[in-house]
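In the two complexes that follow, chain A is the common piece, with chain B as its partner first and chain C second.
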Partner chain A sequence: MAAADTPSATTLRRRDLCSRGIRLARKMRSDVADLLDIYVERQGLDASVSVAAVEGVPAAAAEHWSEQTGTQRLLDNLAAYRAFRTLLAQMLEEQREQLGDADAALGRALAAVLLQVSAFAYHLEELLELESRGPPGDEGDGPPAPPRLSLFEQKLRGLGVLRELAQWAVRSVRDLRQLARPGPGAGSAPGLAEGQ
Partner chain B sequence: MFSCWIWMFILLCGSSVADENSIRDADIFPSSPEIERGSTLKLFCVLGKHYTPQRNASHIIWKLNRELIAQENYNIVNETVSSVIIHNFTYNKAHVKCFIKYLGKEQLLVHTEVKSGFPPDTPGNISCIYYFNVELTCNWTSGRETNLTTIYTLYRKIKNKQGLIMPDSELSSCRSKTESCSFRHPNTPFSNSFCFQVKAQNVLGEASSECVPIAMENIEKFEPPEILSIKKVAGIKQLLTVTWKIPEDIIPAQYLNCQVRYRNLYSNSSEIDTVAVTSEEKVVSLNLTGLWDSTEYSVDVRCIGVESKFWSEWSREKTASTEEKAPSEKVDLWRIIEFSHPAGNRSVHLIWKLLSNIPPPGRILGYKIQYFPENNAALQMTNITANKKIVLPLNEEAYIISVTAYNSAGSSPAAILRIPSTDEKPPEIIETVRTYTTNEEMIVEWISSEPEVTEYVVEWYEELETDPFIRSWQYISNSTKWKANKKIFKPFVCYNMSVYPLYGNKVAAPYSIQAYVQEKEPSEGPVADTDVLGKNEVVIKWEEISKDKRNGFITNYTIFYKPEGGKELNEMVNSDVLHHRLTSLQANTQYTVHIMASNRAGGTSGEPKTFKTLKFNKEDIIFIAIPVGLSMFFLLGLWITCILKKHTFKKVCWPDIPNPAGSVAVEWPLDAPMNNSFLKGVTYEDKTVGLEDVSVLEDCFPEEDHEGLLLMNCEKHVSECTDSNVNGVQNISEHKITLLNGNKKILYNEEHEVAKCLSPSMPYVITGEDFRSQMHSALIPAKKIQPIEMLEDDLRETQQISVKNEKSDNEEALKLEDFSEKTLFNPYLRNSVKTREFLISENLPEHSKNEPKKQPTVLPAFQQNAVGQSYITLDIVGLATAH
Partner chain C sequence: MEKKKSLSITGILSSMFSGWNWVARCLYLFWNICSLEVSGGLVQSCGHIIPESPVLALGSNFTALCILNESCLDFGNIYANQIIWKIKNRVVPKEQYREINRTVSSVTFNDTSSLATPLTCNVLADGQIEQNIYGITVTLGLPPEKPKNLSCIVHQLSKLTYPMTCTWNPGRHTFLDTHFKLKYRWPRENFPDCIPKDANNSCTISDVQFFVNLEVWVEVANALGKNESDRLVFDPIEIVKPLSPHNLSVNSGILPTVLKLSWENRISTAVMKLKFNIRYRIINETNWMQVPSEDTASPRTSFSVQGLRPYTEYVFSIRCMKEDGVGYWSDWSEEKTGVTTEDKPSKGPSVWRIIDASSPASWTVHLMWKALEPFEANGVILRYEVTVRAKPPPFHPPLKYNVNTTSLTLKLPNRTYEVTVIAHNRVGASPPSVLLIPTSNSKAPVKNIRTLPKDGKLWVGWTAPNGNVLKYVIEWCLLSNSSDCIMEWQNEPGNIQGTYLKGDIKPFKCYLITVYPLYADGQGSGQSVKAYLQQDRPSKGPTVQTKKVGKAEAVLTWNHLTVDEQNGFIRSYTIFYKTIDGNETAVSVDPSKTEYTLSSLTSDTLYTVRMMAYTDEGGRSGPDFTFTTQKFGRGEIEAIVVPVCLAFLLIVLLGVLFCFNKRDLIKKHIWPNVPDPSKSNIAQWSPQVPAKHNFNSKDQMYPEGSFTDVSVVEIEADDKKSFSEQDLKPFDLLKKEKSTSEGHSSGIGGSSCMSSPRQSVSDSDEGETTQNTSSTVQYSTVVLNGYRDQTPVQVFSRSESTQPLLDSEERSEDHGGGSDSTTQRQQYFKQNCGQDENTDRPCFEIAKQIIPANEEDLAGFAQLQISGQSSEPLGLGLEKSTQEAALSDVLQTSTEGQTVRYETVEGNPPSVDEMPKSYLPQTVRQGGYMPQ
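Here is the complex of A and B:
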């Protein structure tokens, strides 16, 4: 499909998808920030507690971020969000097991973020297709099943997942902005999202 | 068929359980069923255990609403269960009732509501609207009304290349019984990959729509922006700067379009400017240019995402005014001159208004009024006012007046008027004025004798309005016709309309008329009154109805009059006539009259007035009075004649009766009074009673009414006895003699018998110990009637009886003698009849009871006379004389 499009059309399509992706990422970041507040409050955690890196979640920070190609960026993002999708699904399941329907608001917020993460992952797949490279196969397993954790450890792990997701939302905005810039693998995004 | 067997099985199980445990009378299965329209309904009724064995399922009857279902549709399942089948059930909703009929009585056991409907259609026309961070609401159409409880489920799915993904059935769907459903925050994720599907489901089936992809950017609607300020920029005219804030809850990183609508409040015209902004700009400003000076504008703003199809609502309005400039037009000035002061002084009422110039003159701070005598500009006076009116006290000179309006930016050109001097006589230029109306307009048209006059002022005000400031006017140029919208005039109100020609700065004499823009019948009618009432005519008069109730020009009055029980007649007179003579009326007849005042719109009658025509008019009275007067005159003459010829007539009709005292037929004993034992007896009796006790008789008399009646009868008898001869008198004497020897009662009665034969014209004697005065009156004639032998004998006897007391009574007797002598001068005692009535005294019976033994021999005759008091009138004397 991409081959059938004219280059200019591909560029326009990429820009459009990048713009929409940026909105999704920014909305996701906003929702994750709200979710973090609810999560810390409902789980009885200290917002300033430090959490170790969550296993199976790629780190948002990258040493040579500016040197990455567009495709690489998309692949990293896709891998991260697929992992988040699995982790959030686990968190939602754990939350239901722990609280049942007693805390429906937290469950709804988690589900909404999960839905957005899923939607963003599909959005990234669409962008990858546009880059003439199909998305990698989704094994569906995601990160390895975590060892049996205590309730507190589950809470801390959940906090770590959400914090990392918030970081990835910011990085995704920057990646997509980079992708939208002109040039192979990187176009000039409209100045609209420059602020972020 | 299979389902029926299942129902049978359930019922059998259920009925057995019910028989054992239930305390209900009966049960019905299935309960509240919903079936497809036109299908067959089958229901079972289970009879309670306590009904058996007296009653069983064969006693069950079924009704659909209130109609009995035919027996052929019943089926007895077992002893306690009956079923019914209803084919082609087409009711939207109906009640099927199970009764038991036993011994002719129907008893309701149980009933259930049955609904019929249709399976759901496939939902369509799915549309959603996305209130960012608030809710996501989708609507759809459900197609044909199912008439059954239908549940709609809205699914939010992710659609990608691989197909549809149902992320979480619970959190990505919402259920509703209507054609709308919403996801609430925070379950309002943002994605471009969502599609929306609606599934409709009821007992008859389900239907799902396609999953319709809807991009969230396309359906976003956010809160209206907030206007922060509207400012004018100092030194820059015709410009306003609007600043507003973009709402925070908005899809990030998108382009927006905002519309700024600004409305000129002076002209009420609106314009819209559109400006492109981004969602990242929290505050946006826009300069509105090309505005009017000194004009207030109302501004509001709305925004939309460039990809959305839903505008936000308009923001709250804010208003601001542009920079002012000096009014460019002079005011519209007019005057009303009041010549009410002596010595030429007058009040000039100035009124003005702002011309509707464009752009408007801004906020006027005040008005400056300058005026000076035409011949002496040095005497200029200045007044400042914020009102649009002023009263100037001017003298008789001509004045020049100018008025200017000013605002913060300056003053308007001056409007100038000349007030003529009091001795000026303005020329009459207008020949005639007429007014008429069309559907929409009031038109005033006039003819001028001076074609060079091209400017006029039309002035109008309500006829009853006395305040000169409440007047309207308009300058007319190059036309002799003025048109105005009817709406500026009140209907049914009379307006004074004047046309003033203007030449130079002078005002010529006006021409005034009155006009109504619309008329209706008067609010009330005139009150009729009558005047100059006659036998066959009457003058009806009335007063004009007040101006505020005329509602139009009165064109005529109609007088309606109707005799009692007769036909109503009417006569019409002009509006300037306020009285009318009605002729040819019936004499002595009651009429009802009422007046109707009419204008062009109709008439209204006043209160009716009733009057009655006279029986006679003046001529009749004259004709009657003349004969009566003549008759009276004749009678008067006759009477005078009678007076003058009285003696003649008297001699003819009432000849003189000779005085018995002068009679020579009998010689009256001159010493009778001295020796009159009768009087002595009286005095003797008076010793015990007292002379002053005369009044006692008056008290006694009413108690002896029957005696009074007897006396009255006596009078009659007297008249009958008038013709008695001297023998009658002798009979009296005989009676008295008898009475002297009789008992009291007999005496009493006999006295009356005697009285019967005594009449005013007959000599009779009344004596009594309590009646001296009467006795005096009676004694005199008695003394004179000496010729009557009977009485004389009686008196002799009395004298003899009373000899023993003679000495002791001498003094009193002498007194009585004197008294008797005096009464001799009144021999006629016609009025003694009255006195005679008093003879019946209550003392008499007492006297009879108490003193019968003491006085029978002392004063028998007086005892007798005390009752039948004997006295003699001249009548009888006359008669006696005659005899």
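Here is the complex of A and C:
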């Protein structure tokens, strides 16, 4: 774990982080998809309901995505997942308030996704450290405190968070692939191949 | 925490109640108690121990201090030098004490292993009474060791549930309450500790997240310290044991050697990619085969297994693990079966034959073939096609048979045949199997056939004959007394010289094994050998018995054990024989023999013999048999008897010769000449003129009309024999009534050695004794008729009389007319044994009883005749002498009114010439004597 001084060690570390980050993002995508099904079912929502952009939830879509540098990609991802971490923790709290321990499966699934979000954020921070950039401070990067919402609005917001998180999981895979790929967009880590 | 504060001031005072001042001290005690109550407590300790209830490491050193209260010093005169340390009830040696000051005493233990609970501080009150001041509980234990061998595994329980279980070696037992904690964290995030439940060496984290390195370690702590294991850092995805694939299905492919497997994976490809292992086996076999792992090293949900046997049921199972091989294999999935499709038989059945050549012109050929093994049949055999071709081919086409069984019996002319058998299933036909049946097994046989039990099977080997052997046929059958030899057989290729018998070969059973070499153009004769898979002792021993027993030898015989009883090859017999008190002698006998002669035996001795039969595995004894040797040997008795007999004969011969030489002398002394009465003058006397007085006399005695029967006794004058004594005695009595003497029958010159000591009547004439006894009556016949209603009895009696019937001429001359009436040539007696035929007593017996020896007897006789009312066989002689008249009167008187008549038949006297002269016994008939 200690950062190696040698480039080869850094390269290996970067490859490992990207590889596992991609797999984590894929699993997170898979788990969020499962969680969405559970969430829609347990919250009594319609899976086809359209949810407007939720305030505080970072959008996965990005203009000029292909033109972003590796560091920028990492920073965007880190900001998004820090926000998701806050939002998911809030959702978990709200879910416990609403359902108590009656729906343990939903709670466990939310907690698992929250952990994965945290883990992915850790990957991003590690990669940023390898970029000699260092992760930005956590304070102020998170979404602002959400206004007090009604129960239905909480459900819709939760649905929006999960859907956006699924989008971000897909984007993160692409970002990490881009980082792992040698080339201008690969940041300072050329020669990385996609791990898996 | 346990405290012992038993020694209070009151306790100390109580120990001081001695001497003169005890009353004062009691008062002081009372005051003191009152003061204590006032001060808020009933008792007050005189001291305490430091440290209070320590937890000590085993093997460490330990020092405790006992500190006395100042108050006790003043009152009880107790000081530190009086302190005694005790462990339980054992006093700690003084060497371990140290008086720090007048109120503090310490004790030191270099090894706490010797400590025990409680450790007490005591004093000797008044120098002799031991009182406890304070006590502590000592807890001994060990600090926790560093947990070792920490390892973790993630078990997949469901698609989303991945609990992680870590185990470790907790180290030695600490004897203390020790707590373990499994700690784990991400580099920037801590997680709650995992506390083991009901264990100290494992803990399970309910869910873990993959793709992030997790740092895991174990912390352990107790009262003596804490410790922690080495830290593991790993991505939990690397230690996953996934769930095995499920919903496995097996489908038959187009080819008969292929089955297609399909399954579902229970772990997302987003989590890990999988590789697989596929194993399979034939359903009734135990050994698994495995699909090469490189063929299943990529993620998939189906696979086609190839190279299978047609029409065979297989069992499949599958497992998976992370594709890169990091982690653990899953368990094997549930087993599923599938059957490959049929194919045509891969080979023809093995064919053999049994030929019954009892008929000279034709054979009875029993063809038989083995059903194909499943892996050869490749399906269900529907029929067998059998073709029999005569060689050289005759005019008519070959014979063809379609059969469903595995045998076929044919009656064929005696010649060479080629038999072909083809098996058919639904898909097709097998290659043909060909068997050549020659007219004779003229080819070279195998040599040196031998067997060897090996690995529980029976191996048979042989030396191949010179020639190109196509294959060998090995026949074998179990030899048994209880069943026929049921032949089994097997084919072996021609390039081998030994094989195992393929069948249920039983131990302890004898098998007859025959090997035939088959050539392209003929067949060799079979060579046989007997073999056992495993031998044992015989189940019984031979029953031995003797065939012949002599004086010093005995011939023993026995029967061979039956093949069922042998249990192995009989290698030898041993005969054990002994006397009752002697040592047992053993004799080894060749197993081919059934007879043996024991020699050098002791004569007239009881021997016990038994017999043991031995195989390679041991022997068993038969029943005991006993016999006794003879006292004399063969010919010994003859050697004794023959000489004795010869000697006896020689002696007899010599005696005869001696007697012959001395016959004159012997005759003179033993049997002197006796005059023959027949040659006497009386014989020439005229018998035709009976004396008148006799007639008269008879008439008087036997009046006419009283005759019931007539018995005639012929007395032939010239016969050397005479009437019986009984017949004549009464007559003699009448004649010589006054000369009757009593004596034994031998009398003078009596010749009968068999004479009984009865009275006999002899002639009393002196000087004539010798001559009178020279004529003896050898036999007499008493012919009796039943008297009245008595049953007549015919009695033959040997005459014991030595009395001459008649006097010699010289005597007759001497007696003159006194013997006129008794010398008649013929006399006739009519004897009536009585009118009463029912008389029980036979006449003869009565006659014997009435033989008087003297006159008194005679009188008694007459009296008996009257009173007895029985028929008396009174033989009456023709006594003519006048002096007998009186007796006749007596008789007349005695027979008055009686039925006994004595009568001389006069009217019809049989002539002498007409009457056969014989002394043979007369036949008794009812009603009279039969004339002889």
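FYI, the second predicted complex is superposed on the first by the 174 of 196 C-alpha atoms of A that agree within 3 Å, B and C clash if a C-alpha of one lies under 4 Å from a C-alpha of the other, contacts with A are read in each partner's own complex, and residues count from 1 in each chain.
Here is the rule we use: a contact is a pair of C-beta atoms (placed from the backbone, for glycine too) under 8 Å apart; a residue touches a chain by one contact, two chains touch by 3 or more.
Quick caveat, the model's predicted, so the values are computed rather than measured.
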item: Touched partner set for A:Asp34, first chain B, second chain C, both or neither; value: both
item: Chain touching more of chain A, residue-wise (chain B, chain C); value: B
item: Chain B versus chain C as contact partner of A:Ala60, first or second or both or neither; value: neither
item: Chain B versus chain C as contact partner of A:Leu88, first or second or both or neither; value: neither
item: Partner chain in contact with A:Glu129 - chain B first, chain C second, else both or neither; value: first
item: Which of chain B and chain C A:Leu162 touches, first, second, both or neither; value: neither
item: First, second, both or neither for A:Ala180, with chain B first and chain C second; value: neither
item: Partner chain in contact with A:Leu78 - chain B first, chain C second, else both or neither; value: neither
item: Residues of chain A at both interfaces, chain B in one complex, chain C in the other; value: 20, 23-24, 26-27, 30-31, 34, 108-109, 111-112, 115-116, 118-119, 122-123, 125-126, 196
item: In the complex, chain A residues that touch chain B; value: 19-20, 22-24, 26-28, 30-31, 34-35, 92, 105, 107-109, 111-116, 118-120, 122-123, 125-126, 129, 192-193, 195-196
item: Contacting residues of chain B [partner chain A, same complex]; value: 156, 158, 160-161, 165, 167-168, 170-172, 186-194, 217, 251-255, 278-280
item: Chain C-touching residues of chain A, taken from the complex the two chains share; value: 1, 20-21, 23-24, 26-27, 29-31, 34, 108-109, 111-112, 115-116, 118-119, 122-123, 125-126, 196
item: Chain C residues touching chain A - in the complex, by the definition given at the top; value: 160, 186-189, 207, 209-213, 233, 235, 237, 268, 270-271, 273
